[in-house]
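For reference, the structure I am asking about is given below.
We call the chains A, B, C and D, going by the order they appear; numbering starts again at 1 in every chain.
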């Protein structure tokens, strides 16, 4: 029965998405938007059931520790995004809202498929589906720059994912070489079972291609150029979902193959690679954040940096993996709340330029406090989770005697913190030249962001109390 | 004509389509060559793998040979421009590069990787060349349509590499990969229409406004 | 008790010694000079006068002379005179001496500003900077003395005999110390190379101008504290020169008189020699005053830095062999 | 002594909880005020009244809890047997620093009466200062390393918010950024130190580590961790390189926050450094001592130079805090030198002198800052030294108290300043006996202390004369300002501080005996050492008090004789000081010496060290009516153009990444992707 639950979690949003496509526009009145809220709640309910029942799953779908947590994360973020979307799009015409909701549901379905996929190729298909489905979402604003961002997004990500497919073929081949005869079962647990005996060379080559492929999707350094454009052009709730949920799914792919390689004879082959990719992406993020004038691009580059930290952590392994685990959860919570706050900023200042914004503290206290707390949490303030995750990663790195890597990591983290803090001060305190219409009277939504920050705070306190 | 000669013939046909795509300026023949290459790739998988589900090659030929080219031709009809115009890397230069790359790959796979690939070293090098040619097309051409075609060629190359080494992937997964390819091309087609409407040209160099400016 | 009695005599002699300076300068200038008890006369005259106080001043203006005089009198309790053990001496009393000197200086600075007139403020502005440099020289000298005696009290510097100017080993370094202290003395008490005591143009004064607005008993107290300050510094320098062994040799050779046979006479001669040393210092001041013109204000930092150089040189010489 | 454990363990906790409860009231008042704009006009009046009641209840509760906490702390301090830790971590050391934090927050606590304008700024300030005090108390009471560091980080963020309240002021915005940078660097150092502690004490991460567990770390790691912790805490304690934010923010923020920052947070940072040092029981620490020594000397010299050249009283007090913190860390460095040579007597003497200086600086600086703050509030203008004058006529009592505070800070004999500096000088002189390398360092320490003392004399006389004495340089708007309005504020706390300053000044010996309990609590083996230290400094201290009475008698004698001399004379007080007949000393245009010109000769002497720009507009006619003064601007050491474009040069090269030609093109991104693939394959195929 519980396998059925797994299929339901994936099938529900996909079918609802298709149905919303088919509903004629005039019938899709405003009340029907509550349907989407209902579906999001149902999806959250299903995920909680799954976490409760822990179904074993069949060859195509299964429940795994990290998969389950990511699914819970994705559904909570999706629920908050849908609520924020309703408020954010209240001045758009019904057609775009209908399309956006449809693509969002397909996006949710694809992502839940990735977290639950047991078969490696099904996992690849799901990731490919997420790319195809999220491309039109980026295009919802129908401006020239968003079109350009969509084109870059779809081309670069499909190339990356094609490389990932090649990598998966190599991994499967290294399995096929040792059992030529009977039918291959390409489930992850099967791979881990046979890992020690798999062919070493093809496995390493496979890991390289998977790392480059899913690395593009995850936004690691040399392949990250699509991420700032896509996340800054997409509407804020969508970029919150992209940043919070999608990057984690891409990381899940790398983590699964890295786990297989870890268990095989190749041992810690990928560690050196992951650490160098992590540090490179933090370096690129620092360079492009220093004199940035667009706060959405700034947050996108901070996502690149955090993904770099996650890659750096997995590369170190050992105790740092716990830090990576915490960092994943807290980064998506805090980053999506920050992206929603930028939605408010966009409504208040009507432009993405930092130089054209200021005096947020007087214009709208609510979004000012959320922005300040969010940035403090993102930067690693103590009660929030990222402080603990960075602490774990530093402890892991020092115990591995990676001296110059840690110092490089800390220096760059410090520079990024300073830029983020100075930008927050500039936005909230600097005087605003009175040109243009500054109207903060519209009722802007801040409680979804507060809810997400609260989750992160509660988890942080849980670690803190656990440790006293 | 033994089975092996037919197999070598098909592989060389794929190589030819690759080099041809590098040299073509007008888009219509380019799409036709990609269709031919798709069919050739499915025929090689049919020849190579014995116990393949009877329905799979039939569907692949329909999708790769007929459905995708029709879609691309339809978009081409909507778009006014018919030819590549001035590419970033000239046509003759790309063909020469293609040949040079082919020699390098064959030499490398024959003596270095021979023990690893045993009998399939030639087909491995053909697959690598097709992937490289697909990537090159995307990097060296200005028109968005050629980038989609490049993506298709790269996909054929990857599928060829997969088919050579993996004897028995379950049918459903093959079908899912194919479905993804189809949906990818459809979405790219839609976006191509939008680019054409807003920029009234499908030249990707005009799509270059988004970058990081150094704000003092 | 003997120290208290001798200190009181010295304090009584202070104005007399000041007139000694005036007399010596007059001889150099070929004039008769002031009568011997002239300064006593001025002090008494001032004490009877009714002071005039400007309306801008606060209570500080009237308390500053009191504090200055009290400090100067109080400091004599710490200073050993002619090998007599002082009234109060404990480990670290040089800090007490320096602190009280600073207290006197602080209150005279505050008083200078109290009258809201720019002349006394100008004197205060100059004095605060030059006394800063002087104090650094003083601390170098105390560091040298600490190296010699490992104790931080004025009594041990003079009495224990560890600091013997005429002892064979430390003659030259201590001579340098004595010269730098003498330069310090001239600077702190506003004598010639730094400031001319009997100039009348307010713009060129340093110390005199701080007490410009005082009158009556306040002026008397301030002048008396200046006289005592000069006496305090010269007694300290005299202690440096005055050494027990020198006195005993002098007594036995010149007057064939040893300390235990005629204690009273011996003590009298010892005190006499000490007073002679102090008056020799006063005469040296007068000689310099009449033979040198004063330095330009810009050159005074150079002057005190040269005093510092002498002290540091003495320290280095001593380090080598101690 | 049945009730003793109850008193030690639970009573302080109860008071801290009461304090937290009080600040909850303040929080609710703040939240109501935040939500005010939504309600209708009528409802707002209702809510405003509720805010006022909540605010006053919160204020009174806080005041009450602080007062009885002070009493319990004093009882605990005296009653607690030596070397025993009671309750969570209430040993003498934490009690001493809790006493300092409580005293400073009591002194700087706003008056129980309603402030003039219950605006949002006052509410925000009230709540966050209460929160900051609470966090500081908890940090001192924390016994696990992780808890202490996390609470310290929260206190830093709370400080950031306190600064952010006055964001309208332009100068404060730069201070905010400087504060953020310093706080961030501090966090960085602390996090790495925490990581090192967890690894090398092989405790499972995030499990509570008690301070005593730190001793088990290997020796070399101890020194590295100590250095990291020192820099982590020094970031918040106004030492030289980290002082920029304090200097810029003091004039712009409320007096209460300024006092809290300078007296409370800086001292707690010093306390934490000490606690970590002693719990690690470091024997050999060669380079840590030297680094702390160098930083201390730098902050003393530069702090004193900048105290002289400042033109705003708050900035001058901030720089004198930088200088005094330098002196604190100098004492600590001398202690480290003595401990590395095993000279027990000097170790104990050094740490004792440092604690005495901590107490002195906390009390006198709190008094000075509090009075300066209230003065700025009454006159409603920044205290620019050259523009004020004649305040003594308007506020006689406030100027007398300020004179006492300044005299104590200058080290005048009847006040705590003198004893603190004398003890430290004795330590410096004694450490000359330590041996070859340390003689030079001891001499440098002596000269640093002397320069600090002289600079404070020069600067505080300048401040007092320019602000309080002479004639009013500018006519204050509401000349009818009544001092009575602010006098009530000084009854309790002014008295408390005066008592402390005078007691420490005149009867130092009993206080030194009490401070010895702290040294024993921190460093148990020092008990025997303290006894023979006592033999050495007991006699001097008592004789010193005796000599003070002798001086007082002399002073009384002279006073009586002066009274006798003037008994039948009437002193004329109506005459104006002689101003060469120009009548410039009338109200409008004084011919007085300004503060800058008072110390001009000193500033020109130290000019190369101070980066200064002098603006002297051309004087048009002989007696210009419009103000064409000679102005001298002293920028902070870190703000010199040489350093400014240094940071700019560092960031400049990063611009090339932004100027890659045709960066936006998709072909470029595809090329970078393929390049990454090729490079990784080449690297790993070869390995």
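FYI, a residue touches a chain if its C-beta (ideal position, glycine included) is under 8 Å from a C-beta of that chain, and two chains touch if they have at least 3 such contacts.
Quick caveat, the model's predicted, so the values are computed rather than measured.
Of all chains displayed, D has the C-alpha centre closest to the centre of the whole protein C-alpha set.
Annotation: 45 Å between the Cα-based centres of subunit A and subunit D. Work out the mean CA point of subunit B and of subunit C, and you get 103 Å between them.
Put simply, the C-alpha centre of subunit C and that of subunit D have 39 angstrom between them. With centres set at the average Cα position, the gap from subunit A to subunit C is 81 Å.
Multi-chain contact residues of subunit A, defined as those touching 2 or more other chains: 148, 151-152, 155, 159, 288, 291. For subunit C, no residue reaches two or more other chains under the stated contact definition. Each of residues 655, 658, 664, 666, 670 in subunit D touches at least two other chains. Viewed as a contact network, the protein chains fit none of the simple shapes, being neither a path, a ring, a star nor fully connected. Partner subunit D is touched in their complex by these residues of subunit A: 148, 151-152, 155-156, 159-160, 163, 204-205, 208-209, 211-212, 215-216, 221-223, 225-226, 269, 273, 287-288, 290-291, 319, 322, 361, 365, 376, 379-383, 387-388, 390-392, 394-395, 398-399, 406, 410, 413-414, 417-418, 421-422, 425, 428-430, 463-464, 466-468. The part of subunit D that touches subunit C in the complex is made up of residues 390, 392-393, 396, 399, 403, 407, 410-413, 418, 421-422, 425-426, 429, 432-433, 443, 446-447, 450-451, 453-454, 457-458, 461, 464-466, 468-471, 536-537, 539-540, 543-544, 546-547, 550-551, 554-555, 558-559, 562, 565-566, 569-579, 585, 590-593, 597-602, 605. Those residues of subunit C lying in contact with subunit D across their complex are 47-48, 50-56, 58, 60, 66-67, 69-71, 73-74, 77, 88, 90-93, 95-96, 99-100, 102-103, 105-106, 109-110, 113-118, 121-122, 124-126, 128-129, 132, 135-136, 139, 143, 146-147, 150, 152, 213, 216-217, 221, 301.
Across the complex, subunit A is touched by residues 34, 144, 146-147, 150, 153-154, 157, 164, 167, 173, 176-177, 180-181, 184-185, 187-188, 191-192, 194-196, 198-199, 205-208, 651, 654-655, 657-658, 664, 666, 668-670, 672-673, 675-677, 680-681, 684 of subunit D.
Residues 655, 658-659, 662-667, 670-671, 674 of subunit D are the ones that touch subunit B when the two sit in their complex.
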